[in-house]
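See structure below.
In order of appearance the chains are A, B, C, D and E, and numbering begins at 1 in each one.
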Amino acid sequence: MTLDLALFLLLALIAIASALGMLISRNTVYSALYLVLNFVTVAVFYLLLSAPFIAMVQITVYAGAIMVLFLFVIMLLGAEGLPKSEVLPWQKPLAIGLSVLLFAEAAYLLVTKSRPVGNVLPPAEAVNATENLQQLGIALFRDYLLPFEVVSILLLVAMVGAIVLTKKERKARQ
Amino acid sequence: MEFILQPLTLVIFFPLVGVLALLFIPSENKNAMRWTALAVSVATFVISLWVLGRFDASNTDLQMVARYNWITVAGWNIQYFLGIDGLSILLVLLTTLLTPISILSTWTAVEERVKEYMIFFLLLEIGMNGVFLVQDLFLFYIFWEFTLVPMYFIIGIWGGPRRIYAALKFFLYTMAGSILMLLAILWLGIHGKTFSLPDLIAQGGIPANIQMWLFIAFAAAFAIKVPMWPLHSWLPDAHVEAPTAGSVILAGVLLKLGTYGFVRFNIPLFPEATLQAAPWIALLGTIGIIYGAAVSYAQPDIKKLVAYSSVSHLGFVMLGLFALNPEGIAGAILQMINHGISTGALFLLVGMVYEQTHTREFRVYGGLWKIMPVFGAIYLIVSLSSMGLPGLNGFVGEFTILLGAWGAGQNGIFYWGGVWFAGISAIGVIMAAIYILYMFQKMFMGPQGEVVEETKKHGRAIRDLNWREIVTVVPLLILIFWIGLYPAPFFNLIAPAVNHLVGTLPLP
Amino acid sequence: MHLSESVNTGFLFLAPWLVFFPVIGLLINTLFGHKFSERMIGAVASLASGAAFVVSVLLYVTVSGAHGEAMRWQLAEWMHIGTLSLDWTFRVDSLSTTMMLVVSGVGTLIHIYAIGYMHEDVRFKNDVGRFRRFFVFLNLFIAAMMVLITGDSYLMLFVGWEGVGLCSFLLVGFWYELDLLARPSWSNSFAAVKAFVANRVGDFGFLIATFIMFWAFGSLQFDKVFQQVPTVAPGVIIAITLFFLLGVTGKSAQVPLYVWLPDAMAGPTPVSALIHAATMVTAGVYLVARSAPLYSSVPEAQNIVALVGAVTALFAATIAAGQFDIKKVLAYSTISQLGFMVAAVGMGAYVAGIFHLVTHAFFKALLFLSAGSVILGMERGHHHAAHANHDNHGKGKKGKRKEERHDARAERSHSDSEGADEAHGEVFDPGDMRNMGGLRKTMPVTFWVYMAGMVALSGIPPFSGFWSKDEILLDASMHNQAAYWLLTIAAFFTAFYMGRQIWMVFFGEARHEAAARAEESPKVITVPLIILAALAVLGGALNLPFEGFHNLGHWLEATLGEVESLPLNLQVAGISTLLALLAILISWLMYARKPFAKDQTDPLASLGLFFKGMNNKWWMDELYHLLFINPYIKISYFIAEVIDWRFWHDWFHEKVIMGTYNWISFTGLNEYADQKGIDAFANGLGTWTQSLAGTLRKVQNGFVRSYALSILLGVVLILGYLIFK
Amino acid sequence: MTQSDLTTILPVTILTVWACVLLLVDLLIPKTRKGITALLSALGLAVTLGYTLAQIGSEVTGFNGMVTLDGFSIFVNALLLVSGLLGVALAYGYIKRMGIERGEYYTLLLFSVVGMMLMAQATDLIVVFLALELLSIPLYVLAAFARDKTDSEEAGLKYFLLGAFSSGFLVYGIALIFGATHTTNIFAIVEFVSTSTGSLLLTIGAALLLIGFGFKVAVVPFHMWTPDVYQGAPTAVTAFMTSGAKIAGFAALLRVFATAFPSIAADMTNVFWVISAATMILGNVAAVAQTDIKRLLAYSSIAHAGYILMAFVPYGNETVVATSVAAGLFYLVAYVFTNFGAWGVVIALEKEAGKGLALDDYAGLAKKHPALAAAMTIFMLSLIGLPPTIGLIGKLYLFRAVIDAGFVWLAIIGVLTSVVSAFYYLRVVVIMYMKDGEPAAERETWLDTTTLVTALVTVVVSFIPQFLFAWASEAVLKLF
Amino acid sequence: MIPVDYYIILSAILFTIGVLGVLVRRNALIIFMSIELMLNAANLAIVAFGSVFESFSGQIFVFFVIAVAAAEVAVGLALIVEIFRSKRSIDVDQVSSLKG
């Protein structure tokens, strides 16, 4: 077992554990915090996978902005868990069963049927961060100009949408 | 203009003029609407007579052909293709004749939503004539389905108490029947690269086993429409609930769409399969004859009796068609007309008395002849025509059919069936006498039934027919005698086409 | 447009007018009759029939000018399709001319008679308006009969054949709302339907015969068929002839289809005379005679026909002897005599058969009409009696009919205890011989003409019936011993029941007030009777069994081919005459020596079961009900209600097809379709649907998590398929 | 960015800019006169439509193969723009009547159309994904647009949650495809697949993509949101959603699968087959039990997704795929017009607070508003596939194509389910014509015009379907 | 030198947990978070693949996905807040009045 692998396994363990933590926590705030941990772990993976820019984005946008937004909302709406009242008795067993099946299929596919080959580049061999950033920037504004613009529109629309949904109608109040 | 002025196009679509005119008549003016519809339908009849005048019976080809490409793209080859020949001309005339008669028959019976009613009738006429005249399978299917819609409304809006049920049943059954036909049509269109019926017939070359499947697919649609035993279950419901004119058209023309389908499509398109299927269809026809006659006798309701009698009569038609000799087929075609006239007239008459008494139960009838002598006499003539009294129209058809069927039995067309089909079917002649006379007896003979008093209680006295009603049936009476005594002109129209059709069959 | 080869066609062109005249007559009466007086209507109808008679005579002249050679006159095309080619062609030859003369001659007389008869009949039955209808039907009958006998092909014959059947239906059911005793009832109409249906059974045979014939001979035209007889297998011809026999049994009331004829007496008496005695019922005989070349070529079939005729003759004669209704006796007598004719033509004795047909037409028409006269006389007597009562009691005029009923109930006391006829005693039955007696005094003309008919029918020389019957017996004695003895015994019974009738009706004392007050009929009735009586007495002269007197035989030769003209056989003639006289003597001993008294049991009752059988028509109606009619009704209802409706319509189509549909769709088409159901349906799907919607609608439960689950399920299934396939 | 790049997305650009400007202009328009916004947005759509049609015949690929402009995209975009126009027309009076009139409605609708158009043009999975989101997010908002109605909110939430859930699968699918082919560009994928044997990973990725699209077009078993959302959303939104989202979803599905994955057609055909059959059956059968017209039409929309999907079943069969897909496009057109018409009638009858939506509220419509009832009848007939409507022609093309491709049983299922569908569609007609009632309908110019136009198109095109089918065939020609 | 399939399997696990979260949790926020986890898992897979091919496009795609996620969050949270305003609950099971 190389150091790389050990690190990977450790991080993987943390990622899975934090994901499960999010899943199981009765308290919404805990869930959110577990998710933040998970995102951060993934960000570390990105670093390991020589994608420092994405790692940064992951931390700032995801763990930072998005999850903070989540926490705001949680605080706004109250974090206490919901009362235990299951109206769908079959939902949980079925859900777990199907999820297990899904994973089993994925595992079977990935392990025996169609195993992705190749190794990820070790971080040491990766291009340094600045170069990576530069290349990314160039690609983004040259090759991927259109998606980039689309995303900008998308964000605009989301903004408009959020406003439309939450803005108090002055007329309605009157 | 050239497109519009073609005789066949005009026959089919002239009622549209009426539909458009009706749209602009205010709904209060009911009489204007009735007169408009009547005038247009009579005009359509006149146009069909013009077609008859131009028709050359000795020519076995399609005549007055109108043929335009309609959809021809990406392997599709659908045409606006009309044509008339001896197989269809009489049916067109029947349609155009029965439509004004039906309109006239509901002059007073329909007081609600007259506009829609008349529109639906004219639309129905378009659909029926379309079915008889188109020579493109695709277009045929469209008209075929189209006829369902107005009839559905006519039953469903102006029908009896269980009208919605009956309308839906009518619709679903006939539509279910046409599904398989649609697939078969598509198959043919794909396989033959065209939907034109004459071209497909000329191409031939469909393997025998596939022919059988296609034959069954077409037959499914037609057999339900006919209706052949045992697919007749929708018929009594539809007839009982339909308004008088609806029944007239249903019995008079719509059922003929099925039998016509057999002779127009099944036989020429799938000759080998036809030969194989002949004994089976004849068997079903024979069972239908006997079964329909037996069941008719036991009906408590006049309309139901007539409905079941149609099962029996159309059994004759099917038997004649699949005798596959000129006598049988020509007889069957003539019998389609006869059945349209006789049963149509019967439904008309039943409607006339129903309008007065509001009941169709035999139980309460009796002795009506005394009160309604003219009606009784007319009813008797029509009944006799329906039971095939020689000298009236029904006999000519039944005799030629049975004669043909007997010959087919002797010549091995029916294989194992032999002459038994014709022989047993002839028993149907006895049974027809039983149920028809029973009906006549129960309604018109015997002591006066309760219905007379019942009707009086509601402040109406039963009266004999008025002039409008007499005028409504007289054309049919004339035809009853005409075809019975001098069918030569009719046979002359049919015969060349039938001989041609028989000539194309690979008979043993 | 004539097809006859002979140069001199004479009046042949008039042949279609045999049909047209009556048709014109009936059209005039139908369309304008409502403006005519009764006399006018009668005159139009009689003239129409008379014109047909004149045409018949002219045609006779024409044909006799051509020595009986067949002539044909084509009027129009009929059915031409495939190899079938039929025309409206009239055939005039000696056979058809003979029939024409009989039909139109007797027919015209009966028309005239009916003017008088129906005048009273419609008044007795309170429907004056029906007078016109009767003559329309009668003219229609003449027209149909003419088509029957002048048709040049089997199918045209069939048109007339069924046409007369229709007229029979119409006329039997003439008083369709009454029964024999003029009470409101279904019975007359049943009799009418029975007549038509029984005929149709026979027609079925006729049809099948034509099918076989067409495919064997390629034609239905007489000459073409007969020419080919030698070339066609005898088996086929046997089939044809036997199927024709079925038709004959229906139309000519032979065993086993004779049952309709007695009931057909529900029709007015002129109808019984014309249709059910003189003309229509002989159509079967005519058919066999017409098909002589076919029958002659197959002796097997001939024997069967002869036996059927002979059995019928005897069987019906026994029943006739046990009847009390004056017309029923005559009806069974007719069946019996038709048996003679059928037996004759069956044996190849076509001339004898036709001869008997002609003489029978005379005397049986005479008897029926006389019986009608008797009945009318009784009615009148009853009417007077009722009036007398009425005047005594001084009741209002409107109560008259009720009063009659009342009287009738009072008369119940003298209804007999044998009471086979339940109707008897309810109301006055003018046709019941037990109510009669001594009528010779009150109705002398009727009595004398009746006597003429009686002796002719009984076969007493030298009256017409003797000659014709004797010729049949003679032929039978030579061709078919079994038939001969059956017919001879039948002849005995014939004389017996006629004697019985005469004694009961005309002799002794009046057994009922009505009989005592009976009144002779008017001239319009009696004159035709006298003419018919003369024919009945002298009709035998047509074909006397002496050399040179075989007029009819020679006349018919042209059509029927060479016929043997037998001389009088004294043995045969002697036996039959002696038996007839003996029978009359016995009847005298039983019914006249000590006159039949008011409440007396029939002397024959001492025969026990045998008489019961005769009286109850050997229970044939009951047997038919048991064997055919009831099963048919039961089976029909079973098929209609159980199989077609409950099983096929309700269970299969509703439950299985629609039910499956409903089950799949979790809704009720039925429920929905019913107007009531629509409302229930519309008022929110209700608990019913909810409970049924166990799966689909419950799956669509509104929970977003469940929807996600469904998506996941789809994913797992698709991936599973793709990975593990 | 080059000239050709711009050409490729010219209509999209115009519409985007227009929408952005409208967002600002809307601020200047007084609250009571938001109709102006509607008119302006309609104008924008019309102008774009003009440009789109002007581009017929062009064939350009731009942005390094990210998007393409071809016959197919022009056809679909034109249809989308027409849908947008019809959607605006339906909304004009409706949202005013329902008290939810705000200018953003129209801008969001425009943005959604932009997303849809991009989706039809996208040739890179990244763009596909972004376009999908761009069309979805406005729809989420629009579904919840009637904020004071809980139903509307519920619809929005359900749509959003499930939409996001399914796009999770979509992204994972793209990930797997990327893993299998090293690229997200569909041209590159084709190249990759043609040089190396496709792996199972690609198949699975494609399947997950299918799930994302399947959700948008509402096929079984990804359909369950449909009835709830369609019922809850404001009717004008529903009308737009049923058409627009379906067109875009199918367009992308078709382009991606037909262009990039013909290699896995053998497997996917079976999947399509089953999904299509299940969708037709379930949609039609479930619709029978509905009493709410919106739910009924929702299930009808599911069913029709099944029919359209039928056209894609033989997508790997080169000889028939062109006609088959053309038939699918034709059917889409037929469905769009019929569907808008039907929704137009629904809108005309809808009252405040969700009233007027039960089937019984249609009782007596034929007497009170014969024209409306007649139009509805036409739409119902068209949805069944009966003459004289475009629906019949569409079905016939479709069934023929499917039979031609050898999927007779699928055609049989299609036809059989059509019969089932006849029942519930005709029920509407029955109620309109054969029951008595006092329905009240809003008669409003734009609405009536829409209904009239769609009814006319539904009938008239059924007589002259040739040009449309020719266009559809032309459009798909270069796709394969 | 970690084989790429390790990463992919990890991402599959995370993805499955996300899916499970959507299915079993009733809290709208947690469901939403689970969806974010699914996206995250997908991102991880993309980056891992991209690292093998030494391709940028993977990373760029992830960048866009994150942006989209942000957009979704904006709208989604707005919706949830709206729902909370009217229902006083963020239990998705409460949001189930439309059904059938």
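Operating definition for what follows: a residue touches a chain if its C-beta (ideal position, glycine included) is under 8 Å from a C-beta of that chain, and two chains touch if they have at least 3 such contacts.
Remember, it's a predicted structure, so these values are computed and weren't measured experimentally.
> Check every other chain and keep only those touching both chain C and chain D; list them.
Output, common partners of chain C and chain D: A, B, E.
> How short can a chain-to-chain path be from chain B to chain E, counted in steps between touching chains?
The least step count works out to 2.
> Using each chain's Cα centroid, which is most distant from the centroid of chain B?
The chain farthest from chain B, judged by C-alpha centres, is A.
> Mind naming the chain pair that shares the most C-beta pairs in contact?
Chains joined by the most C-beta contact pairs: A-E.
> Please find which chain has its CA centre nearest to the centre of all protein CA atoms in view.
B
> Compute the centre of every chain as the mean of its C-alpha atoms, then state which one is farthest from the centre of chain D.
Taking each chain's C-alpha mean as its centre, the farthest from chain D is C.
> What's the distance between the Cα centroids of chain D and chain E, rounded to whole Å?
Here the centre of chain E sits 26 Å away from the centre of chain D.
> What whole-Å value do you get for the distance between chain A and chain C if each is reduced to the mean of its CA atoms?
101
> Rounded to the nearest whole Å, what is the centre-to-centre distance of chain A and chain E, using the mean of the C-alpha atoms as each centre?
Once rounded, the distance between the two centres reads 6 Å.
> Report the inter-centroid distance (CA atoms only) between chain A and chain D in whole Å.
31
> Note the residues in chain A that touch 2 or more other chains, in rising order.
Within chain A, the residues that touch at least two other chains are 87-88, 91, 95, 98-99, 102, 106, 109, 113, 116, 144, 147, 151, 154, 157-158, 161, 165.
> Scan chain D for residues touching two or more other chains and write them down.
126, 130, 133, 137, 140-141, 144, 147, 156-158, 161, 165, 169, 179, 200, 204, 227-228, 289, 423
> Among the residues of chain E, pick out those that touch two or more other chains and give their numbers.
As it turns out, chain E has residues touching two or more other chains at 4, 8, 15, 18-19, 22-24, 26, 31-32, 43, 49-50, 53, 57, 60, 64, 68, 71-72, 75, 79-80, 82, 92-93, 95-100.
> Among the chains present, which pairs are found to touch?
Taking the chains two at a time, the touching pairs are A-C, A-D, A-E, B-C, B-D, C-D, C-E, D-E.
> Could you pull out which chain A residues touch chain D in their complex?
For this pair, the touching residues of chain A are 109, 113-114, 116, 143-147, 150-151, 153-154, 156-158, 160-161, 163-165, 169, 171-172.
> Which residues of chain D touch chain B in their complex?
By the definition above, chain D touches chain B via 322-323, 326, 366-367, 370, 381, 386-388, 392, 396-397, 399-400, 403-404, 408, 411-412, 415-416, 418-419, 422-423, 426, 430, 433-434, 465-466, 469-470, 473.
> Going by the contact rule set out above, which residues of chain E touch chain A in the complex?
Listed in rising order, the residues are 1-10, 12-21, 23-27, 29-30, 32-34, 36-37, 40, 43-44, 47-54, 56-57, 59-60, 62-64, 66-75, 77-82, 84, 89-91, 93.
> Which stretch or stretches of chain D touch chain E in the complex?
126, 129-130, 133, 137, 140-141, 144, 147, 150-151, 153-158, 160-161, 164-165, 168-169, 171-172, 174-176, 178-179, 182-184, 227-229, 231-232, 289-290, 295
> What part of chain A is in contact with chain E in the complex they form?
2, 4-5, 8, 12, 15-16, 19-20, 22-23, 28, 31-32, 35, 38-39, 42, 45-46, 48-51, 53-54, 57-58, 61-62, 65-66, 69-70, 73-74, 76-77, 81-82, 87-88, 91-92, 95-96, 98-99, 102-103, 106-107, 110-111, 115-122, 135-136, 139-140, 144, 147-148, 151, 154-155, 157-159, 161-162, 165-166
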